[in-house]
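Pasting the structures here.
The same chain A turns up in both complexes below, where it pairs with chain B and then with chain C.
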Partner chain A sequence: MTASKISSRSTIVSLLIGAVLVVLLGARINSLENYTFARVVQDFLNALTLGSLYALIALGYTMVYGIIRLINFAHGEIFMLGSYFAFYAMTLTPLPWAISLLVTVLLGGTVLLVLRSLFNLEEPKRTFVLSLIIFGGTFFLLTFRKMGWVEGLALSMLATGVAGVLLEAVAYKPLRGAPRESMLITAIAASFFLQNFGQLVFGARVRGFNAQTILNKPLNFHIGPETVYFTGILVVVPLITALLLWVLNMFVSRTRLGKAMRATAQDAEVAQMMGVNVNQVIALTFFIGSILAAAAGVMYAIRFGQIHPLMGLMPGIKAFTAAVIGGIGSLPGAVLGGLLLGFIEIYVVSLFPTLSAYKDVFAFVLLILILLFRPSGLVGEDLTEKV
Partner chain B sequence: MRDYLLTLVSVGLAALALYFLTVSEGSSGLLSALTLIFIWGIAAISLNLINGQLGILSLGHHGFMLIGGYVTALLMLPARERRPFRTRLLSDWARNHLDLDKWLRGLGLDVLANSIDAKFIIALFIAGLAAALLGIIVGAPSLRLKGDYLAIVTFGFGEIVRLLPNAPEVASFTNGPLGIKGIPGAAGTIWWTFLALLLVLWFFSRLKFSSYGRAFEGIREDEIAAEAMGVNLAYHKILAFTISAFFAGVSGGLYASYLQSVDTQTFNFFVTFFLLVAISLGGLGSITGALLGTAIVVLVRVYGGFLEQPNPAWVGYLSGAVLMLAAFGFSAYIRKARRLRPVIEPKHFIFGAVGAALLIVTIAFFKQPWMQQTVQFFGMRKMLLAVILILIMIYRREGVMGRAEFSWKLIFGPREDIPTDEQRQQDAWLSNPDLNPGLKEEGDDDASA
Partner chain C sequence: MRKSLLLAVLVILGSFAFAQVKIGVNLELSGRFAAIGNQTLNGIKVAHMQMPKVLGQDVQLVICDDETTREGSIACAQRFVNEGVVGVLGAISSSMSIPAAEVLQDAGIIMISTSSTNPQTTQIGEYIFRMAYTDDFQGKLAAAYVIKDLGAKRVAVFRQIDDDYSYGLAGFFDATAKKLGAKTLIQDFVANTVDFTAQLNNIRGFKPDAIYYSGFCAEGAPFMKQLREQGFTQQVIGADASDDPQCPEGAGAAFDGWIFTGFATPNLIPDPEAKKRAEAFKAKYFAAIKDAKPGDFNGFVLAGADSYNVLVAAIKKAGTTDIKAVRDALANMEHYPGVSGDITYKGTDGTPKDRTIGFYQYKVKSASDWNKIELFGKSTAEVQ
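What follows is the complex of A and B.
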């Protein structure tokens, strides 16, 4: 999880490839007659938004891989759960107070238990304050008025984080120390389970995610004769992403738990000998990854306006590709890879409209190529097995 | 000799049973289940070659099956289905030239062209070859990558193959998302799939105990050691992928012909997942285990339909409560049997609590309309398969059979856990200090120390 030194040779090669791509793109843009400045702005905004979402999801993949070397196939489904939690939070509230009380006790209790075990909050005073905040906050949010997207986002992040911890405890924890292939198979099974669980509980149909917020209000503006289709979400997504990344960075680099996390990523066994509670760190990793995925899920739902139980599949795969591009196990790599993939996707479709049918194929091709020829990604450590 | 006879007799008996099934009334459900077991069995056995014997986790099997299905479909499509309005996206070239009938007549082999069965065999063979070509491509990365990265690459290949038929340029060959319909159902007869499965079983059991099979297993156990012993890694890996892809293509062709239609959703990633459950359940590396696992999984899928029947909602709540309480009781039982304290682990109280809550809710709101309305639990079977796979991975990673094969020796042969007289004599010699001087010295050493 540390940015390793990049060798000068690979830097030169990357720069050369980048230069060639830029020249090719420039030529293509020149040859397209209707590619105006307005479209440049539009594409940039779209790409930044999409890339931020991919980056948020990719962080979950990369953190989990960095800690326990598991490709968490079910991460896309965690993303789906996040958007559904927000959906229900925003459509079902305000609840009658009795039901709200029940939900508060169940949800708040679980959240409190998980948070306590994750963040070492054994001190009674802290626990009291925390439980007051959680129970009171949940009850207040659920009972008195219709929830807005901010509250929905916050509540969904908490609930999804807990769901991620539960997933780890139920499916992955018993497999600690098993072959990596077995863990991957389990992750695939967990992904299938969650998809079908989603279809069973949430219904298989596509639902509209109509966040009646300022975020979806068209704020189109003109550049010359062209219109740029602009909504608040196009700015909010990168901003929230930046905020979350800043918090994550602070957490990983400045706190004791963050230090424990980095130590575990480097060498779990030695970290354990040094007194790090590895199980706690792993659960914490899943918690943080799921929180970020939930944030991405809610914003993805606001951005694209609809949710369904299989929605996690393609974003999940693409975010995994992004994590691999950046170098799996590296946090800055995941962000870089996510942004890069977002830009590639938007610009390829925009510049070569005939290729839009191959959008998903393209992600897989990129994944295979990167895995084959540069499995350590752009900034990742070398993970090849040594004799 | 006796084993061959036994095999012949049992195959004959199975064929006889199949014959009685086909002539008896009301057995169509069982027959189609058997056909599915045979088709999926071929696919599972072929996947088992890579995943079990070669020890490489491959997740792209649906791609091979898809290629096989589409090739069979195109080659077998009868003339009346080749009219433009039926196959709107298929290009004229594909419609007119990708026709096995024409090819055979062009070669002057009218005898073959007149028989739909002969054509079907040839089409399956070509389908297998097409899939095998893809197998070489998919197998090539196994020379560079290992483990989960390789698994993701094979998954990527499988998904690319699944996504491509919908793309506009490729749709002129594949008819796009509409798929190809009206394939003659030659494989609908159970005999075709039965014979194919017998052939595949014969081939793979021969392969497993040949030098190639030993080489595959050597690669699984330790690549470096295998290479040091003179096993050509690249050749054997690619060979395994090719063989596996060939038979996956054949089973894809059989499946397309069984369904009489093929589209990209027929062969999605769930197919690979399904096969993965089957071979993990049966035992990775065991051919008969793969078949056994397939049988179990197909039966769950075919006869598990009652799980998704429309029911009043309270049935769901009640079964949820019963399941939770059962899990609670089971964990307590296990812990008691293992003499663990406390008998009820604190976090397992959550099962009991949720179960009790569901039970109370069911009883309290039984009269409510939302409790009585009819609901259907779609996806229960898939969830069940997923749970089975997770449980196998946690509790019995070697599956039912492990790497052992079913054999007649297992049933009729001398039992290996009971020593023969000869072995007993040897043991007596080993443990008798008068006959075994080495033992005496050892014993003396112990005594002096």
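What follows is the complex of A and C.
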């Protein structure tokens, strides 16, 4: 009873703060010259896109935290891997058939093993069908033509998901049951390792991600005399984010494995006693989180046109901030936090041009305020189930 | 008995091993400025191949990667202090050069920054030199070009506020542009910014005739891509940091037409003798560095080579590896025939008296098909 009182009071307080902010921003927009309606639309679209990207990365942080209470600092690097996988998929294909066969066997084999263990597909018939689809599909994609962004995105999501599972198996699984600090330090080490691995294997240079896709085509439209500059990516990013979020939500709330995930998040030990395979659930969480990071990585690369081995650092920190602001462990919280951060970054620059160098400071000040006054985040509540 | 014999052998071997002149190389070999760092390193290596010995001793290059971080640069400088090098070549950028210079000046070790252009760098102390011109010239020349030659009346200036080079250069550009009667609007960003859409919306109402960008390619490539996507068709002018393949490779065709000021390449060096030396060096460079692409040879390579050349020349002239004597020889150097032009340190704060700034333009068809056109060269002596 007291809890509901407190929550309704804090809702009123946050609504009040929100209303004051909206009035202040409105006044600021009114006082700015040249701030036309077209610009409001333009800024809104840009902010929505950036925020959606942060949201996708933040989901990975929040899911892993929800399950094993670990801030996976290597998540930004998983995001980087995702963009590189797509880059190579889209620039190196079509491969000569012999190399393609080799890659298919190696990649397909790993993917198959991981998928089998993740989704309980031990039954021979299912395994056969699955391996046919994976090997055939990979070989087909690699050999016959240059991959477009959709195939690149799909292949990269799959490969990155597997990379995430491998990372968990190598770096975090041996530390199951160890103090949380050990895991945290390992996560930082994994992050450094992957950054340097990236520099070694992919080269330390910035690379252009200039695949001419339909997403980069200008689709400008007019509002009155003003033009809104628009490309396909501005619609696709929020749409894909919404779609993935919906699928994720369905998976977590409607499937058996989703139920197992929620159970593990609530209490891993009890879940294990009830017959939930906790190791499998954790690996699955990493798989899904990494898939989302890969999607973000590919779309980030298409939007901004370049990739490099250290590119995961800032988006990683931002997305982590977003996850904490939203309430770490909560899925809607991560999305809300990501969008909020995207909007802050765009609107600070556009409403307060003299402060544009401090746009990151605003995000981090918000983080500190949240940690001081609402440590469980905007949406997160201490006692509700996480994931 | 046998033990002492072994010891004696070790000591003799050891003294052979130490009969070497050590020169530190502190460069951005990974991280944001990796491409320029590696070009500079190649220049140093080729110069080293041509003059591998000084005073009868082998020159050993001790290479340290500062990873394009200030902390990394300080760590490299401290490592060189411990290793007992005569001098340090690098770093390329002002932001990495200034912290290293503070460490090396305190330790009394010579440092020659290959391409730091912020005026502060050489003012840190008498042990700090550079191979480049300074940003007051670069900013002045660029502003004069944009206002007088291109006829721009309103210029939007983009600067990276957390970088010593970019911030300083934008200031010099802005001051000269205002003096010449143009209106300017400055927009700030920070390192690793990729989303420039809000800044671009800010300059839309200002209706600029030209856009000046004083930052690096890691941000410059996405900047240019979004600039064109957002419907801006104005001429963009950059500075020497955009003399980096990461710019056209990162932005692709959107980067076409970008004009920038930078180190002079052989064709733009006015002194015919210096031009000949630069051409000869270019031939050696491509013979030595097998995988070098044509676009990889630029002023940074020449600056790297000359930083090595002048240090070795100063050691030769001093006739000793005593650092103080070498520093004095370097500070009194006059008319050294470098591959980047004539080098005179006598009477300066460690900045060569006469440098040539080249104006270039990118022609970019795609990320893999691009080149640079040399427009013209201007000597800093003329501007003085």
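FYI, the second predicted complex is superposed on the first by the 376 of 387 C-alpha atoms of A that agree within 3 Å, B and C clash if a C-alpha of one lies under 4 Å from a C-alpha of the other, contacts with A are read in each partner's own complex, and residues count from 1 in each chain.
The rule is simple: contacts are C-beta pairs under 8 Å (C-beta built on N, C-alpha and C of every residue); 3 or more make two chains touch, one makes a residue touch a chain.
All values derive from a computational prediction rather than experimental measurement.
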Fit or clash between chain C and chain B when superposed on chain A: clash
Chain B versus chain C as contact partner of A:Arg39, first or second or both or neither: second
First (chain B), second (chain C), both or neither touched by A:Ala190: first
First, second, both or neither for A:Phe304, with chain B first and chain C second: second
Contacts of A:Lys259 with chain B and chain C, given as first, second, both or neither: neither
Chain B versus chain C as contact partner of A:Leu367, first or second or both or neither: first
Partner chain in contact with A:Ala357 - chain B first, chain C second, else both or neither: both
Partner chain(s) touched by A:Ala204 [first = chain B, second = chain C, both, neither]: both
Contacts of A:Arg116 with chain B and chain C, given as first, second, both or neither: neither
Clash-bearing segment of chain B, relative to chain C, as chosen among 79-87, 115-123 or 313-321: 79-87
Contact residues common to both interfaces of chain A (with chain B and with chain C): 199, 204, 357, 360
Chain C-touching residues of chain A, taken from the complex the two chains share: 33-34, 39, 42-43, 46, 50, 199, 204-208, 210, 216, 218, 220, 227, 229, 231, 300, 304-306, 308, 310, 313-314, 345-350, 353, 356-357, 359-360
Complex interface listing, chain C residues touching chain A: 29-32, 34-35, 161-162, 187-190, 192, 194-195, 197-199, 201-202, 204-205, 217-218, 221-222, 225-226, 229-231, 245-246, 248-254, 366-367
Residues of chain B defined as touching chain A within the complex: 57, 59, 141, 144-149, 151-153, 156-157, 159-160, 163-164, 166-168, 224, 270, 273, 276-277, 280, 377-380, 382-383, 385-387, 389-390, 393-394, 397
Chain B partner contacts - residues on chain A that touch it in the complex: 69, 71, 171, 174-175, 178, 180-186, 188-190, 192-193, 195-197, 199-200, 204, 317, 320, 357-358, 360-361, 364-365, 367-368, 371-372, 375, 385, 387
